[in-house]
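One chain, subunit A, appears in both complexes that follow, with subunit B as partner in the first and subunit C in the second.
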Partner chain A sequence: MDNMYTEYYLVVDLATGEAEEIELEEEFVQEYVGGAKLNMALYEEHKDGDPIVLGTGLLTGTLVPGSCLGVITAKSPVTGKVAHAPFTWSAGAELKLTGYSFVVIKNKAANPTYLWLHDEIADFVDASELWGKNTWDAVDVIRDEQGEDRIQLLSIGKAGENKLSTAMITNNYWGTGDRFGFGALFGEKNLKSVAMRGMGELEVDDPDAFIEKTKSVFDDVKSQVGDAKGLDAIDYAKIPADLKDAAKKQLHRVEADFNSPLAYKFFLKYREDPSVMLSTDVEEPGVLVSDPIGYAAIANAGVVPADAGEVLEAMFKLGLNPVAVASKLTAKDKAGAIAELEKFAESSEADKFDAVFSPIAPMSDRTEAAYIAGICPVLVAKAEALNADIFAELASIGTGLDFKADAFKM
Partner chain B sequence: MKSISLSLKIGIFIGKGASYSWIWFVKTFDLLDFNEIYFIDESDVLNDALTNFDCFILPGGDPFQVAEGLGEIGLTKIRSFIECGGTYIGVCAGAYLSIMFCNNPMPWLNLVDMPINNYSLNPPEAIRMKYKYLVPYRDGFVYHPVRGPLEVSCNGQSFKAPLFGGPPMLAPKENQLAEYKGFDDKTLYLTNEEEAKRTMLGYAAGVKVSVGKGNLFLFGPHFEHPNYPEANKFLFSLLCTLTPYARGPPRHEVSILEGNEFKRWIKSIKRELSSARVIANGMTNLRWKIGEKIWEDEKIIYFLNEIWKTVKILQKYGALPVERPQELEENARKIHSLLAEIHVLSKEGKSTNIQASYLIEHTKKLSKGLFESYFNIKRNEWWTNGRKDS
Partner chain C sequence: MTIQVDPQKCINCGACELGCSFYRDEVFTTMSSSVMMYREEKRNYFGLMLKREDDMILGRPEGVEIQKEGEASDSDAGASAKPILLREPCDECKDALCVRFCPTGCLIEVD
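Entry: the complex of A and B
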C-alpha cells in the first residue's frame, strides 16, 4: 500500500520465532479498509493460530483529529467471541510508524518473550527476567534495554501471566480499553509485552487537499468538543460528586491522546504536591486516569475517594481491568484494597463479568466507523463532525482510492 | 559540457576530521545525476588513490584533525595531485586547510597565500553560541561572526547559501568567484551585526587558484547544501569547467550479494541501524568536542537518517555490489552498541566523548559503504534495468 499505510503487515509465529512480512495490497485495503474490519479479516485468515491481531486504521497516525486509535482483535476469554479493544494514547500511531500497520501474533512462545517492533524489524526478546514483574517495572526495563523512553508498550502484569479473565493489556504504565480479558491471551502466549518504536513516514496521495480537509474537520470537532477537560469532559452519570472533589484536589494536569483536542485523561498526584510541575525525585508521584470509568468504579465500590487513584495505580501495575475487579473489592481503604487486588492477580479464578464497550464511547454507527478508520472512539462520541462520510472522504484523498461511507461498516 | 562534467570522477574525503556535511554533497550530486562519486579517507590518500580522480573534495569539518589524520605524507600526496593537474574543492575546513592566512601557519596543506578577514588576535565578543564562535589558531583566533543562510553574489547574480564557519577571503579580483553580499533574516549573529558585516561583507566567498597544472576551488559557504538549489547551480557551473585528470579506475573489487545472503545482510544492517536510530532519537542535548569541532546529537541523527534512507533504497534491489560487506555489518553493530553505551553513560552524567569519537568513525565507514553501493548501482544501467527486483 503506497499511501496512508505501511508497505507490509507482519505475521509473527511465537512458536517458531519467525516473523513474515506480507505486502499490504491495495485490493485488500479497498475491501476491508482497516482497523477492526481489516483486523477481523486477518483474524479469520490466521485463526488456526489463535491469533491476536494488532491493527491501525487508515487515518491512524495522520493529521486527522483523534487519529490515535489502534485496535486489538482476538477471541475474548470472557465472552468466547471475537472482540475488538481500543488502545490509544501514542501507541496506535506508534504501531503504524514501526513499519507494520497490522501485526498478527500467532501461537505460543516456548518461554516468556517480548516482541520488539522497530522500523520494519521484529525482534523476539527473551522476557524470562520480566515475567513476574509488574507492568511499570516491565516498561522501565524494556525502555532501558532498548535505550529510548518513548517506546510504546502493550504489556501484561501478574493478572495476565496468571491468565485471569479480569486481566487487561496495559499501555505503558496506564490502562487501555481492553475489557475483554485480552491480557489473559498475552499470558497464554507467554507474551509479556509488545514494544513499539518507529520513525517511519506515511505518504499521502494529495497532501495539500488532505491538510485542508483535516483543518476544516479540526475546526468543526473543536467547536463540538468545547473546552471541558478531565472528568468534566466525560458524559457519564455514575461519577460520584465526592470523587470529583477528590480528583480536583489531586489534579496535576489533563492529557489528551495523540492528535486529539479532547483532554479527558488526567494525572493525579498523591505522593507529592499536585501543584508541583517540575520533575522531582519522587519516582512515582501518582497515576494517569486513562480510564475514568474504572476510576469511578473504584469509588462506587466504596473505596475512599481520596484513595481511588492509588488503587487504580495498583490495578494498572497488576494488569487488572478496573471495571471488572472494582466491584469485588470489600476493603474501603487503600491498603486493604491493594492487598485484595494482589490476591486476585495471584488467583486462578475464571471470573465472569459484563464485557462491554466503555460507556464513554458506546457502540453506534459513528463509533463503529471510528474503529475502522482509526479515530479515537471517545472523541467520536462527542464530535458528530467525525463520521463515516468524513472518514471516507479523508481516506479517498489520502489514498487516491475511492472509499464510500458504507465501507466504514463491519 | 554537461555530459563531461557528469562523468567526472569525484572523491569526497570522509576521513578523520570530516564533519557530516559531506552528506550534502552526496545528496546534491545524486540530484544532479553525478554517478562517479567515491568516498575516500586518509588511507586511500596514502595509497595514491587520488591519481584515479578528477576532483578531490575536502568538505567541512575540523582542519586540525584532517591535517593530523593525513599527516605530512598525505598532505604531500594532495599537493602533488593538484600540481599534476587534479582539482581540489575545499569547503569551510577544506578551505582553511589550504590557505596560509598568518605568518606562521600550521603545517597544513598551505598552497594558497591569502589573508582571511576572520582571523584576529583580538576578535570581537561573542553574543551567543560561544562554543562555536572561536577556534584558537597560533597566537590568534579564527572567529565565526554569523551562521546560517546569507546572500552571496557572483557576476552580478545573487543567491543564498548557508555558512557554518567558512572564511571570508581577501583575494585578488581575478581569483574571486563569489563574494559575501548580505545577510538574511535567518542569519544567526554570533557577534554584533556591525562586526559581522565588517568581517564578512564584500569579501570573497569563493576563489579559484591555480597551482601547478591543477586548480583549487575554495568556498566559505556550503554551496553543496541540498536545500539551496541556486547555490547548487553555481557549484554545478564550476564543475562543468573542470578538466579530467583521473589516471585509472577509482574503485576496487566489490562482492555481489544476492538471494538469501543479500536478504540476511540487509536485514542485519537494518536491525542494527534501526536500534541505533531509536536510541539516537531519544538523546537530548548531548554535545561532544572532537578535536576542535563540536558535534551535537542532532548531527548523528541526521547521519543515521540519511544512511537509513539509503538502506531503504538498496533493499529494493534483489542483489547488491558491496565492498567488504562483513565489515559494514560490524560497523552497524558497533554504531548500535556505542549508542547504547552513550545512552547509559550520559544518564549517569559521565563523559561520552571517546564513545562519540568511535561512533562517528563507524558511522562514516558504514555510510561510505552504502553510498558507494548506491552510486555503483546508479552508474551501471544494466544493473537497474536488468537486476532490480529480481
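Entry: the complex of A and C
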C-alpha cells in the first residue's frame, strides 16, 4: 500500500526462525480494509500454524482521534473461537510505524524467544534469561538491551508461560484488553514478548483534505468526550464509591492512549506521596490503572479499596487478566491477595465466557467498525462522531480508494 | 506568535508530535517534530519539550524551564532531551497543528 499502511506485512515462523515480508496489496486492503477484518483474512490463510495475528487499522497511527488501536486476533483458549482483543497505549501505532502494519506469528519456537520489530527488520532474540521473569523486569531488560526507552512491548508473565487461560498479554508494565487468554498462546509458542519501535512514516493521498476532515472530527469528538477524565471518564467501569474515595487519595495524574483526547487511565501512587511531581529515587511508586474495569473487579471481590492498586500491579507483573482472577480472590488485604495471585499464576483456573470482541468497552454498532478502522473502542463508546460513515470517508481521502460504510463490518 | 506550554495539562497523548511532524513532511510519523514527549514510565514522570530557534522549553510536571542553547540541565528530562537536539526548531507556524490537535490546552498559541 502506498498510503495509510506500510508497504509490507510480515509472516513470522517461530519454528524455522524465518520472517517473510509480503507486499500489502491494494486489492487486499480494498476487500478486507484492516484491523480485525484483515487480521481474520490473514488468520484463515495461516490457520495451520495456529497463528497470532497482530494488526492495525487504516486509521491507526494517523491524527484521527483514538488512532491508537492494534488488534490481536487468534483462537482463544478461553472461548475456543477466533477472537479479537485490543492493545492501545502507544503500542498500536508503534507496530505500524515499525514498517509492518500486520504481523502473523505462527508455529512454536524451540526455545524462549522475543521478537524485536524495528525499522522494517524482524529479529528473533533469545529470551531464555527472560523466561520466568515478571513482565516489568522483561520490559526493563529488553529496553536496556535494545537501548531505547520508547520501545513498546506486548509480553507475558508467569501466567502466560504456564499457559493459563487466565493469562493476559501485557503492554509494557500495564494491561491490555486481552480477556481471551491470548497470553497462554504466547506461552504455548515460547514467545516472551513482541518488542516494537517505529520510526517509519505513513503517507496520505490527499493530505490537506485529510487534515481538514480530521480536524472537524476532532472537534466533534472533543465536545462529546467533554471534561470527564480519570476516575470519572468511563461510567461503565462502575468503580464503586468507596474505591473511588480510596483512589482519589492515591491519584497522581490522568493519561490518555496515543492520540486520544479521553484521559481514562490514571496513575496511583502508594509508595510515595501522590502529590510528588518530581522524579524521585522511588523507582516503582505505583501503578497505571490502564484497565478501570479490572480495577473495579478487584474491589468488588472484597479487597480493601486502598490495596486494590497494589493488587492490580501484581496482576500486571504476573500477566494475569484482572477480570478473570479477581473473583477468585478470598483474601481482603494486599499481602494475602498477592500471595493468592502467585498461586493462581501456577494453576489452571479460569472463567469461561462467550464473546468474539473483547469486552473492554460496551459493544455498539460502532465498536465493530472501530476494530476494523483502528480506532480505540473505549473512545468510541463515548464519541458518536466516530462511526463507519466517518471511517469510510477518512479511509477514502487517505488512500485515494473508495470505501463505503459497510466495508467497516465483518 | 509563540507557543506556551502548560505541562500539568499534558495527558501524554502525543498528538503534538504527530501534528508537528505532519506539518513538516505531510506524513504521519513521530520522528520529525520540534516538540517531543518524554516519559519515565514506571515513575509516571512525563511531559514534553519544545525546541525553539535559540532555546528549548522543558515542560516538566513540576514546572516549565527555558533552557538556553549550550546549557546543561540537571534534571532527568535533560537526559532524554538528546534526540531533540537533532530536530528542526519550531518555526512558529500559523495555526500550528500541534496546538490545533492538542486536546487539553497543554499547548497554546500566544502573541
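Basically, the second predicted complex is superposed on the first by the 395 of 410 C-alpha atoms of A that agree within 3 Å, B and C clash if a C-alpha of one lies under 4 Å from a C-alpha of the other, contacts with A are read in each partner's own complex, and residues count from 1 in each chain.
As a working rule, a contact is a pair of C-beta atoms (placed from the backbone, for glycine too) under 8 Å apart; a residue touches a chain by one contact, two chains touch by 3 or more.
What you see is a predicted model, and the numbers here were worked out from it, not measured in a lab.
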Partner chain in contact with A:I121 - subunit B first, subunit C second, else both or neither: first
Which of subunit B and subunit C A:V254 touches, first, second, both or neither: second
First, second, both or neither for A:P285, with subunit B first and subunit C second: second
Which of subunit B and subunit C A:V204 touches, first, second, both or neither: second
Contacts of A:G61 with subunit B and subunit C, given as first, second, both or neither: second
Which superposed partner A:N172 touches (first subunit B, second subunit C, both, neither): second
Partner chain in contact with A:K222 - subunit B first, subunit C second, else both or neither: second
Touched partner set for A:Q146, first subunit B, second subunit C, both or neither: first
Contacts of A:G181 with subunit B and subunit C, given as first, second, both or neither: neither
Residue contacts with subunit A in the superposition, subunit B compared against subunit C: C
Footprint overlap on subunit A, comparing subunit B with subunit C: 149-150, 199
Residues of subunit B defined as touching subunit A within the complex: 267, 270-271, 273-275, 277-279, 281-282, 305, 308, 339-340, 343-344
Subunit A - residues contacting subunit B, complex: 118-121, 123, 146-151, 197, 199
In the complex, subunit A residues that touch subunit C: 61-63, 65, 90, 93, 97, 136, 149-150, 172-173, 198-204, 207, 211, 215, 218, 222, 229, 252-261, 263, 267, 269, 277-280, 282-286, 288
Footprint of subunit A on subunit C - complex, ascending: 11-15, 18-19, 21-22, 25-31, 39-46, 60-62, 75-76, 80, 97, 100-101, 103-104
